[in-house]
Structures are given as C-alpha cells and as structure tokens.
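Order of writing sets the labels: A, B, C and D. Residues in every chain begin at 1.
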Amino acid sequence: MRPFREALISLVRRPMLAALSVTAISLSLFILGLFGLTAHNISRALAAVEEKVEIVAYLRDEIDEAQLRLVRSEIGAFPEVESVEYVSKTEALYNASRELAEFSDVFPDVEVNPLPASLEVRLLPGRRDPQSVGTVAVRMSGYDFIDDVRFGRDWVDRIHTLRRIAGGTALIVGGSFALVAMLLVGATVRMSIHARSTEIAIMENVGATAGFIQRPFLAEGLISGLAGGAFALALTFGAYRLLDRAVMAVLWLPDLWIAAGILGGGVLGMLSAGRSVRQELKGLYAI
Amino acid sequence: MRPFREALISLVRRPMLAALSVTAISLSLFILGLFGLTAHNISRALAAVEEKVEIVAYLRDEIDEAQLRLVRSEIGAFPEVESVEYVSKTEALYNASRELAEFSDVFPDVEVNPLPASLEVRLLPGRRDPQSVGTVAVRMSGYDFIDDVRFGRDWVDRIHTLRRIAGGTALIVGGSFALVAMLLVGATVRMSIHARSTEIAIMENVGATAGFIQRPFLAEGLISGLAGGAFALALTFGAYRLLDRAVMAVLWLPDLWIAAGILGGGVLGMLSAGRSVRQELKGLYAI
Amino acid sequence: MIRFRNVTKHYPRSGTALADASFHVRKAEFVFLTGPSGAGKTTVLRLVHMELAPTEGEVIISRFSSTRIRRREIPQLRRRVGFVFQDFRLLERFTAAENIAFALQVTGANRSAIRPKVMRLLDHVGLASRASAFPAELSGGERQRVAIARALATDPLVLLADEPTGNLDERASLGVFELFKQLNALGTAVILATHDTTLLRRHPETRVLELEDGRLVYDSRSDVPKPPHASSGDSSIFELVRGGPAP
Amino acid sequence: MIRFRNVTKHYPRSGTALADASFHVRKAEFVFLTGPSGAGKTTVLRLVHMELAPTEGEVIISRFSSTRIRRREIPQLRRRVGFVFQDFRLLERFTAAENIAFALQVTGANRSAIRPKVMRLLDHVGLASRASAFPAELSGGERQRVAIARALATDPLVLLADEPTGNLDERASLGVFELFKQLNALGTAVILATHDTTLLRRHPETRVLELEDGRLVYDSRSDVPKPPHASSGDSSIFELVRGGPAP
C-alpha cells in the first residue's frame, strides 16, 4: 500500500523528525499512563475499604428457625442488598474471643452466652452510600425480631466523602491530564508536519489532490501514534515496577486501558496528522 | 540587544512555529502544575493529620506542684518534643463530659473525680514517626510520677505508612512527571529548532560563529519558556478554581513553587534551545 | 488553449507585477516569454498554473477559468500542466527518480508503467546514473534537469518552463530545448520564460512575448513593432558601471 | 592566495566529483571556472569555502589550510570569503536588507555603519526599492542579486560566485560582472563559475579554468592547449535529439 510504504520511507529518511515526534507522543501518553496507574490504585484501595461497609442487625433470642429464614430471605430481596450472612450466638462468642484477648480469658468460664445472634448485611457496589445504607437500616429495624441495627454512620459518611473527593479530583485532574496529552500530541504532530510545509506545497504544485497528499501522512501519524503508545506503555510499566518495589504493592493497569491507550495514541496521531496536513494545504491560490 | 530583538522578530515572523512551541511548553509545565497542586494538598492534609500525633502521660494523684514543674520541664527538654501541655483532673473531667454524652449525665453526681491529670506531649514535625514516638514514650514511662503512657501505636504506625507511601509515590510519580515535562520541553524546542536547520546552516555559511548563531535562539528559548510557564500557571490556576468549586476546598500553590516553575520554564527553554542549536551546527565540514 | 483577458496582478506588499495583459496562446504553440529580471515572467506562469489568482481580469486554460474554477478542480488542471519551476521545487526526501515518479503517481498512472517511464525520462536528460541521488546530492544543473524531466513526465497539455536553462551549459540547454520542441510537435503548448538571448537569436521564427515592468510591451505575432531596448528596471547597476563608487 | 594541491573529492553516495586537481589563484586574480553541468565547479568552490573537506590533497586559502584548520577558525575564514551560492541561500525570514545586514553583523561591523552600507549595496544591484521584501516576495533574478549584494558586503579577500548570472538578463549580468571587476580591481581574488559562453567570449583576456567530469582539463594560463570540445557528460540528450522517442 502506497500510504504505508511512503510513511515508512519518510520516517526512515527523516530520522530526527520521526524520533522527536515519537518521543513527544510517548511522553505525552506516559502522562496518561502514570495518572492511570495512580488513579486505578487509589480507586481499588477505596473500593476495598468500601467493601467493609456492612449493616449488622442483632436478633432477639426468641427468634425461631422459620422466622429467621423468612427474615433472611426478605432482607436478601431488598434491591440494595448483595448478601446476608447469619452469625449465631456461638459464632459471635467465638469471634469475640478471637478478637479480644481479655474476653478470651473468660470464654470457657461463661455459663450463659451474653452475645446476641446477628445478620451481617453487605450492600451491592454502588449502593454503599450513606443514604442507601440508612434506608436499608431503617427498613431492617422495622422487623419485630430485630433488636438493634448498627452500621457506623460516621464511617460510612467519611468513606463516601473520600470517594466523592477522589472521584472529583480524578475527574478534573485526570481530565486535564487527558486533555493535555491530546493537545500535546496534536501540537507535536502539527509541528512535525509544519516542518514539512514546503514538501506539502510542492506536492500541491505537482497536482496532487488533498487526499493523495494526506494519505501517507495519516499512515505516518498512525504509526507514530502506535509507536508512541507502545513506548508510553513501556515507560508506565517501568514506573509501575519502581513503585511496586520501592514503595508498596500496586496493581498493574487493566488490559482494556492499555489497549485503549495504544489504540487511542494511534488514532490521535492519525487525526492530528490529517488535521495538520489540511491546515498546511494552500488550497486554491497561494496569494 | 541584538539577541532579544532578533528573538522577538523571529517569534513574530514565524507565528505558527512560535505558537506551537509555546503551547507545547505550556502544556508540559501545566502537568507539573497539576501534579504540584495535588501533591501540595495531599501533603498538607497528611501533615494536618500527623499534627494530631500526641503522647499522653497519666499522672499519679500524689504528684505535687514542684514535682510536676520538674517533670514538665524535663520532658519539654527532650530533643523530639515540641510542647508539653498539662491537663488537670478537673479539666479532664470537663473534657470527658463534653465529649461523652453518657458521661455528662452523671457528671454533677460524681463525688470523687475518677479521672487522672495528664501531660499531653506533642512532637516536633519530622519526629512524629513510630520510632521517635516509642522512644519518647519509653523515656517518659521511666518517671515515678507517671502512671501510664499512651499514644495509639496503631494510629501512629498507620499515619507513618501513609506518609511513606504518599512520599514514595510522589517521589516516583512526581519525579516522572517532572522528567517528562523537561523532556517534552526539550523535544519540542528541539523540533522547532530542527525546523530551522536550513536557517542555521545558512548562518554558518555566511561566517557566523556558533555563539553568534546561538544567542538569538537562547533568547527565544528563554522567552518561550517564560511565556510557557506563565500560561501553565494560568492553566493550573484554572484547574485549582475548578477543583476548589466543584470538589472541595484546596490550597493554592506556594509562591516559591510558582516562581520556580516559571523561572524553570525559562531556563529550561533556554538550555534546550542552546543544546538544540549546537546539535544543528554542521561544524567544520558538512561532508 | 491559454488566454489572458486584461489580467492585472497586484502582490500584497509590492504592488503591480502584471498590468492589464491580454494575449492568447494556441494549442501546440511555442512561445518565448522574455523581459528583464522582475518584469513579471514568473507571475504570468504562476497565473497559468493557477497558483495565483488575478487581481483583475480572467485567465483561461483549456476549460478552466480563473473566475469559475473550484478548489477541487485545481489538481485536475495542474496534472495537465507541466511546470519547470525557476527554483526547481524538488521534494528533498525523494530521490531524483522518486520525484519524477511522484508526478506520475499523482495522475493515477499504472504502477508497472511508472518505473520504465521514469528511467527513460532520466535518460533523456542525461541523469540515468543519478536516479537514486537525493536533490541535495545533485549539482545545480542536475537538479534543474530533474525538474525538467518531472514536468515532461505526464505528457502535459501545456508546458511552462521558467528559465529552464539557467543552470545548464550550452550543449545541455540545446538538448533540453530540443526535448521541448519535440513535445511541442506532439501538440503541447509551450511557454518558455527566459533571458537567454542566445536561445532567442537562434530561433527567430518562434513567437516572442516581451514583458517590461509588468506590461506586455511586445508580441512578435501582433503588429506592434518591437520597441527600442527600453529604459526602466536595472538602471542603477548601469549608473554604477558608468562610475559609481565600489561597494 | 588560493592553492589546490592534488585535491580529490569523493562524495559518499556518488563517487569522484574532483580528481587530483592542482592550481593556484593569486591575490587580485580573476578566474572563470567553467565546464559542463556536473563537472565539479560547485565542488571546487565549496572546497575553497571549507564547506567540504578534500578526500585527498590540500586546499590552502590565505593562511588557512584544509589539513590544519580548526573548528573555530572556520568562521574567520568565511568572513573573508564572499560566496554567491548557486541556490542563493537567503534567510527566508529576513528581508533583503536584513540578509545583507546579517553578513555585516557577523563580522562585528559597527551598527551605525551597517544601514547605509546595506542601502548602497542594494542600490548597486538595482534593488533599493525592494529592501524590505522577503525572499519569497522577490523574483528569481532579484533573489540572485540579493545574494550577490550579500557576498560583496564584507569587502571579501576572495569572492566565489557560482553561476551568478543564471537568473539575470543580459544587461543585469553585465552590471554584476562590472561590480565583480571593480571589486577585483581593489584586490579581491574572484572565482566565477559559469556556463555563460557569452561572458567567456566577451572577456578573452580573463583566465579560464575548465573542468570536465571532475578533471581540470584546461587552464588558459598554463601551456596546456584547450582540448577540442569534449565527449562525455550529457551525451544522452544528444542521442535523443538525434532521434530518440519523445518522452
């Protein structure tokens, strides 16, 4: 195919220009990679904390098997609820003895188990905000056999605020980074094509149509963008390894993000090239 | 001055090239601005949390005025200690009654105040790590009149870990961003000067020395860098306002950072330009 | 084929380069366009090529008129017009052969036909051995010959040649001129802008259009008598020669 | 002043452009350098300018030798050598006047002296009215004259002129030639590379060096007889002219 052959020839024959523009594209996309890495890990950490949001309903001792089954299945059917776990009185005592050393001393001695049985309710992801938690808690406390409902309002509020702040910051800072990366790729491609305006003018002079002139540049933009994306991936991986070893265990980016980043680089390179070439075309009359 | 006059002429006569390279420089430095904004706010938030690290020493009821004064001044002289605050039995009771609603019910009724007096010790910034805290606590518990020393080891550990992680991440991610910004500025300046290699070759042909050729380019690099820095500042301020309104109250960057950013942009632009021109010089013989 | 109707061209920062010029070049005609430096020769050729729009008047080439042509028709026109530019305009990153091939690719020529045709053209201008050299690796005259070969490549309807022998020795010039004559014999209209008086003197039968200071002062096919060699233009050089101070 | 000692120049991708050339040009001498396109004329001038290093042999200009010159001496040399490049090499973003002024600034000329000198030079080449035009706004011949004015600006020790009249009409050529003669009369050595046979014929007293295919085949000052007009080079054009197919 002419466009790709010519693009490769051109990249090889202008090694400096090609190297500089691929470098600039790589660095621009690396910004996204770094931001993605940070954002992904923070978001996963928050999600992990949020998973601990649960509502505990303490049951009266009088509840019987059938009633328990009914309550469990009814609560399990609430639209917000992910799972309902039953913790018997014995289990509660066992857990308490493991968690509290002082308690463990008295454990074998107690005659009567003072701890109530309970239902531990987890909510679906996306329904762990204070309002949903509150609603579910209120509905649950309506049951006769439920003595008391607890969910640590402060805790839920605080996580929610954190999430909102992290999300808003990520949206604004991340959006800025993404925009910056796009604009940077655009500016560098524009620059590398501006450096070739004489070439483009000559092509026009010889009677080449806009499309004919553009095609190799589009191919070149695509190739540079993909190459830039690949290098950016390598750089991001380097930063990931460094973080992982020097600071703490971090998660690597999801495959989808990686694929989107590289393809995005290619498409961005191509679109920028197309736009830049169109801007260089003199059109009908030079003067 | 010739260099600056020529630089301005050149910027005006190549508006496209000038605009593109200033744009690219602005965007690159904006990355630093955004990162700086985020890092500064996270660091301030962590510092605020860390300020709450304190060691509380409960005093025996038997302690008298003179002994108390001695203990206070001795502990205040520890190299790690910032301040020592005395909380009397009465104050302790008052505080407890304000913080715990249940307690407040019984407050007027109590005959004997069950709460001990205490010393609240704050450490100097930079000495709030688990080890320093532990050392001070051990030294304090050596005093006769001190009954018990508490500092919430888990809390101190957790804050310290967070600090370490945030610091490490900032160092690696921020270092990468700074490097990327520098390389990007370098690459775009290099590109814009590469676009003028013919011009440079002609100057050499006419007998201009390397220094004579370089000077206007240095001035141009300085001007573009400063302009890029100023635009980056404006963009960063925009992001700050957006964050501040849409997400949460954030702190603006310290003046020193701003000055360093803009001056850094100028110096970076100048150095990159100098290096780029030297690379374009054909030198002794073209072939 | 080529018709100028009262064409005037002003350049933004320098004024009138062509004033009220009217002439007609027929199909398969051969015309010398002459006049001193700065007279407007290149301007006329660029108007034919529709690289410039006339400020006033109309330029008509074949079925294209400067007043009605649309943007996407420009490439169609240019593919029928071969232009040997005064400053060559070779693609620096293309070899001599690739520069010529490019002009053929643009017309959608058959890929397999391009290579032999390019080699034949290079051979015609004496550059077969330099086919794979880049413009920067060619001498001035060699570059000019590549530009000539490119202009001839597409068997154009109209050939515009702007000082095409300025960098060529007498023998090469003659060869190039013969190439133009042959193309002309096959039906191509040729406008050759030149100062080369040897060339003019050698072909007294050929039509001459003479410009001076943007005005068409002489057309050998009309009845206007050739004016005495005129006054304006480069007088200052002569003042100097007649006794100005050394630089 | 200028001495070539068995100078050979190979270009990386194209072989020998100059083979074992030896000659000497004295102070205040005027030399025509001639030969067909591709013979090596520009190569000789670029060697004098130390833009190229000889592959073998030695080039000596005044006190500079190609074998010993150091990087920082190159600008010193070039400031003493005026060069009218075949492709002009004007700074595109500088006006005509600024292009000439630049050559003077480079030599550290007094700022207040530059402006009047530039205007005088522009006037000498008939471009006073185009002083503030950019190269892209000039005609081919006008650009060439700016290049000439720039080369003359620094009162050089040596003037190299590469086909300096290729884009000029006869009268302007004569004027330029007279400028060169005047400079030469003041002590500047001039090497003028040209194919312009009219110029050569008009100045039979002037020394001629003739190159052919990289060899120095004739020096009018030595006793070597001028060879019959030779064989190689652009023969293919003539084959065509003698009856090859049209392109």
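Methods note: contacts are C-beta pairs under 8 Å (C-beta built on N, C-alpha and C of every residue); 3 or more make two chains touch, one makes a residue touch a chain.
Here the structure is a predicted model, which means the values were calculated and not measured.
*Asks:* In terms of touching chains, how many steps apart are subunit A and subunit B, taking the shortest path?
*Replies:* The fewest touching-chain steps linking subunit A to subunit B number 1.
*Asks:* Taking mean CA positions as centres, which chain lies farthest from subunit C?
*Replies:* Result for the farthest chain: B.
*Asks:* Take the average of all CA coordinates in subunit A, do the same for subunit D, and state the distance between these two points in whole angstrom.
*Replies:* The answer is 66 Å.
*Asks:* Using Cα averages as centroids, what's the distance between subunit B and subunit D in whole Å?
*Replies:* 62
*Asks:* Just give me the whole-number Å value for how far the CA centre of subunit C lies from that of subunit D.
*Replies:* 25
*Asks:* For subunit B, which residues are shared contacts with two or more other chains?
*Replies:* Not one residue of subunit B touches more than one other chain, so the list is empty.
*Asks:* Which positions in subunit D touch two or more other chains at once?
*Replies:* In subunit D, 11 touch at least two other chains.
*Asks:* How would one label the connectivity among the chains shown: line, ring, star, complete, or other?
*Replies:* ring
*Asks:* Can you name every pair of chains that touch?
*Replies:* A-B, A-C, B-D, C-D
*Asks:* Which stretch or stretches of subunit A touch subunit C in the complex?
*Replies:* For this pair, the touching residues of subunit A are 2, 9-10, 13-14, 198-199, 201-209, 212, 283-287.
*Asks:* For the complex, which residues does subunit A have touching subunit B?
*Replies:* 16-17, 20-21, 23-24, 27-28, 30-31, 34, 37-38, 164-165, 168-169, 172-173, 176-177, 180, 183-184, 187-188, 190-192, 194-195, 235, 239, 242-243, 246-248
*Asks:* Which residues, counting only subunit D, touch subunit C once they are in their complex?
*Replies:* Checking each residue of subunit D against subunit C gives 11, 13-14, 35-38, 41-42, 86-87, 120-121, 123-126, 128, 130, 133, 137, 139-142, 144-145, 149, 152-153, 155, 162-163, 166-172, 174-176, 178-179, 182-183, 185-186, 195, 197-198, 233-238, 240-241, 244-247.
*Asks:* For subunit D, which residues count as touching subunit B in their complex?
*Replies:* Touch residues, subunit D against subunit B: 11-12, 49-53, 69-72, 74-79, 81, 83, 85, 89-93, 102-103, 105-107, 150, 154.
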